[in-house]
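In the two assemblies presented below, chain A is common to both, partnered first by chain B and then by chain C.
Right, the complex of A and B next:
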């Protein structure tokens, strides 16, 4: 495998983890988060600091997961106060605050970011294998949660919070759980990203990146794990495969986001389901 | 004198925020949609002003072009994007709106270039006046005067004219207003047209202030405007005006007091999050959730 292939596959793995974890919060549980980049970033910075302090890979992963989920649970508490579009605005605010805060912190490298992060010792190919294993584990967890009682409760809360509460499902606890799990995985992705690049700047975790992740979830079909995985892989490869898309990345992704919401709100998953239904009827 | 300079900066920025946000708060009041793409309207207004002014050599024609083009764009956004999505949860049109903003921003970059466009002749940007040691630029004065005229005009329009009263009635009690013969669909178009024109004026003035329009012009303003309309109590024009001025001043002074550990642009979001946590229903008591 060439170095180029290895880096593309690694990025795909990281994006799959991020999109699938965002889908758990926004797809399963219906809590729209447009600040997923902040949790990703928190994990990346925590892992970088842990690598400098200990150079121990498992410890850095744990640091990333804890940092992501800590910030996530704080935002989860916000989801108990504000709902729907205002939760989305709050998460946008969290993303801007995260970037605005880190940019001014000299101990986090400020504008320059953190460079020269100690390598994992696994090499580029080893990192890639680790990232792919973690991505598979994330997808498996997402599929498992979707079929479990918890997934049922998530969807009940997402569909109609009051009805769920009437049925005895504690909406608050499940929202916190969704944020906790989803952002812990984003923190994991952050740690893997740190291992992959060994150089992080806060610009990689900005709001536009969060919008990209939301585009992956919506285009794949909000709530569908396989749809989101397909979209994450496809949308990561698209700019590499087509020169035009690479030059006009935001134009294409923004346009696709608008068109999918407007014309096919079920995304890729919804389209395939319709196709199957039509074939069966014919 | 330094503190007074900051006050001048803060108030002129506040006036700009007010003209930008009033369209957002009006859309929210009428349709319960967070119209994030309003920032794209603002940017379009800025581009239209510069391009038309350069083409004709007249700044007045530049602003005229901006307030003709942007209402059409604003109404098209409503017709093509929001109207079909009105039946969905409020976060659905909002995400679509974010998508549209991202798309438009990149479109501006592709069409007009990464570097942006500048006025070919712009005497105003560099004209400054000196009041007892306080330097005030002509554009800052223009921002304050325009905002005063705009808000006075808006007040007279909504209290003294039949259409304006119908507009306000539709915002507060849509069904009763409709039964009195006010066409709610026309009100929606009017709402988008006026809000867009005001954003365009703000955009044109910012273009004058910076003597530059680049693709990122609307980016930060867009999300700040969301903070402003929440702080101002959603749907309230007066609240939006006050919140804009307060934010302008807090940002200006905030850069000296908390600039060491927080970016200037993040201050609005800190205020927003604190307010949403303490009072999810906003300052003025309008429902936020």
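Right, the complex of A and C next:
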């Protein structure tokens, strides 16, 4: 495998974890978050600091997961207070706050970022395998949660919080759980990203990146794990395969987002379902 | 204490309006209480306070001997309270069956961690199907709830309320918007619910039906209880009669 292939596959794995974890918050539980990059970034920085301090890979992963979910639960508390459309705005704010804060912190490398992060010792291919294993585990967890009573309750909270409450479902606890799980996985992705690049700057975790993740979720089909995985893989490969898409990335993704919302709100998953239904009827 | 539901001097004010002004009453286990009153009497406000959707300015709500005044709705539901909404709120994107299965799974969903660790829905599906049949919704299980007509949605609300295995159900206008046939079928179902030993508190405008099925009437006017007792006696009370026929309106207009 060439170094190029290894790096593409690694990035795909990381994006799959990020999109699937965002889908747990926004798709399963209906809490629109446009600041997923901040949790990803918190995990990456925490893992970087842990690598410098201990050079212990499992410990750095744990640090990333904890940093992501800690920030996530704080934002989750905000979700208890504000209506869903304001939550989207709040999470945008969190993302800008994160980037603005890190830029000014010399202990986090400021504008220059953190470079020379100790390697994992697994090599590029080893890192890739670790990333792919984690991505598979994330997808498996997402599929399991969706089938469990928790996923069932998430859907109820996402559709009508008050109606869910009158069935004994504590909406607040579920929203916190969704944020806690989703952002812990974003933190995990952050740690893996740190191992992969060994050099992080805050620009990798900005609002534009968060919107890209949301585009993957929406284009894949909000709420569908497989749809989101497909979109995450496809939208990561597209700019690599087509030069034009790479040059006009925001334009292309923005356009696709508008088209999907306008023409196929169910995304890829919805389109596939319709196709199956039609085939069965024919 | 044999009261399943007790209100102790409950009051709430919205701006300049004293919507509920010190209501005390106790509902005994197995009772069938009709809560009536003219428009704006504070019935729905009182129901919302009992359900925990509104926090009263003063007073206590006691469920099965436990003070739940500070508890959220979901905690009260776990204490044995169920309610139906005046305006139906099904999960429209779920099937009819799933709407009830979700309610029947309260043993899992009351705790996120327990919900995460359990997958099987077989037992709850069977129970939900039985409940749907008991309210006359057999055959609609696989439809999306959003596709049901209002008459059936009102039944679905009732089915969901029953699925949480309540001791008390609060029914907020379960007959509103139903035609005559649908209404009498719904009344029959509610009577069956009561016969199963569930305490019923019914808010309803349809006086004829209320008089027919309730064992006790509580009449609210301007946020206070003006009548409480056996339905026929309560309705014979001139104060209640005035409030209903409009005597109160006349004095109001003269003032």
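Note that the second predicted complex is superposed on the first by the 282 of 282 C-alpha atoms of A that agree within 3 Å, B and C clash if a C-alpha of one lies under 4 Å from a C-alpha of the other, contacts with A are read in each partner's own complex, and residues count from 1 in each chain.
The rule is simple: contacts are C-beta pairs under 8 Å (C-beta built on N, C-alpha and C of every residue); 3 or more make two chains touch, one makes a residue touch a chain.
Only a predicted model underlies this, so the values are computations on that prediction, with no experimental measurement involved.
*Asks:* Overlay done on chain A, so just call it for chain B and chain C: clash or fit.
*Replies:* Once chain A is superposed (C-alpha atoms), there is room for both chain B and chain C without a clash.
*Asks:* In the superposed arrangement, does chain B or chain C reach more residues of chain A?
*Replies:* It is B that touches the greater number of chain A residues.
*Asks:* Counting only touches as set out at the top, which of chain B and chain C does A:169 meet: first, second, both, neither?
*Replies:* Only chain C is touched by A:169; chain B is not.
*Asks:* Report for A:78: first if it touches chain B alone, second if chain C alone, otherwise both or neither.
*Replies:* First partner only, chain B.
*Asks:* Can you report the vertex angle at chain A, computed from the C-alpha centres of the three chains with chain B and chain C as the arms, to the nearest 10 degrees?
*Replies:* Approximately 80 degrees at the chain A centre.
*Asks:* If we overlay the two complexes on their shared chain A, which of chain B and chain C does A:54 touch? Say first, second, both or neither.
*Replies:* neither
*Asks:* Based on the superposed arrangement, let me know which partner A:152 touches: chain B (first), chain C (second), both, or neither?
*Replies:* second
*Asks:* Thinking of the overlay built on chain A, is A:177 touched by chain B (first), by chain C (second), by both, or by neither?
*Replies:* A:177: touches chain C, not chain B.
*Asks:* Aligned on chain A, what is the least Cα gap between chain B and chain C? Give it in whole Å.
*Replies:* In this superposition, no C-alpha atom of chain B lies closer than 13 Å to one of chain C.
*Asks:* For the complex, give me every residue of chain C touching chain A.
*Replies:* It comes out as residues 51, 53, 72-75, 77-78, 82-83, 85, 89-94, 98, 101-103, 105-106, 108-110, 112, 114-119, 121, 160, 163-164.
*Asks:* Please give the residue numbers of chain A that touch chain C in the complex, ascending.
*Replies:* For this pair, the touching residues of chain A are 144-145, 147-150, 152-153, 155-156, 159-160, 162-163, 165-174, 177.
*Asks:* Quick one: in the complex, what on chain A touches chain B?
*Replies:* 32, 34, 78, 81-90, 92-94, 96-97, 99-101, 103-105, 207-208, 211, 214-215, 218, 248-251, 253-258, 261-262, 265
*Asks:* Residues of chain B touching chain A in their complex?
*Replies:* Of all residues in chain B, those touching chain A are 34, 80-81, 84-85, 88-92, 94-96, 98-107, 110, 223, 226-227, 230, 259-266, 269-270, 272-273, 276-277, 280, 288-289.
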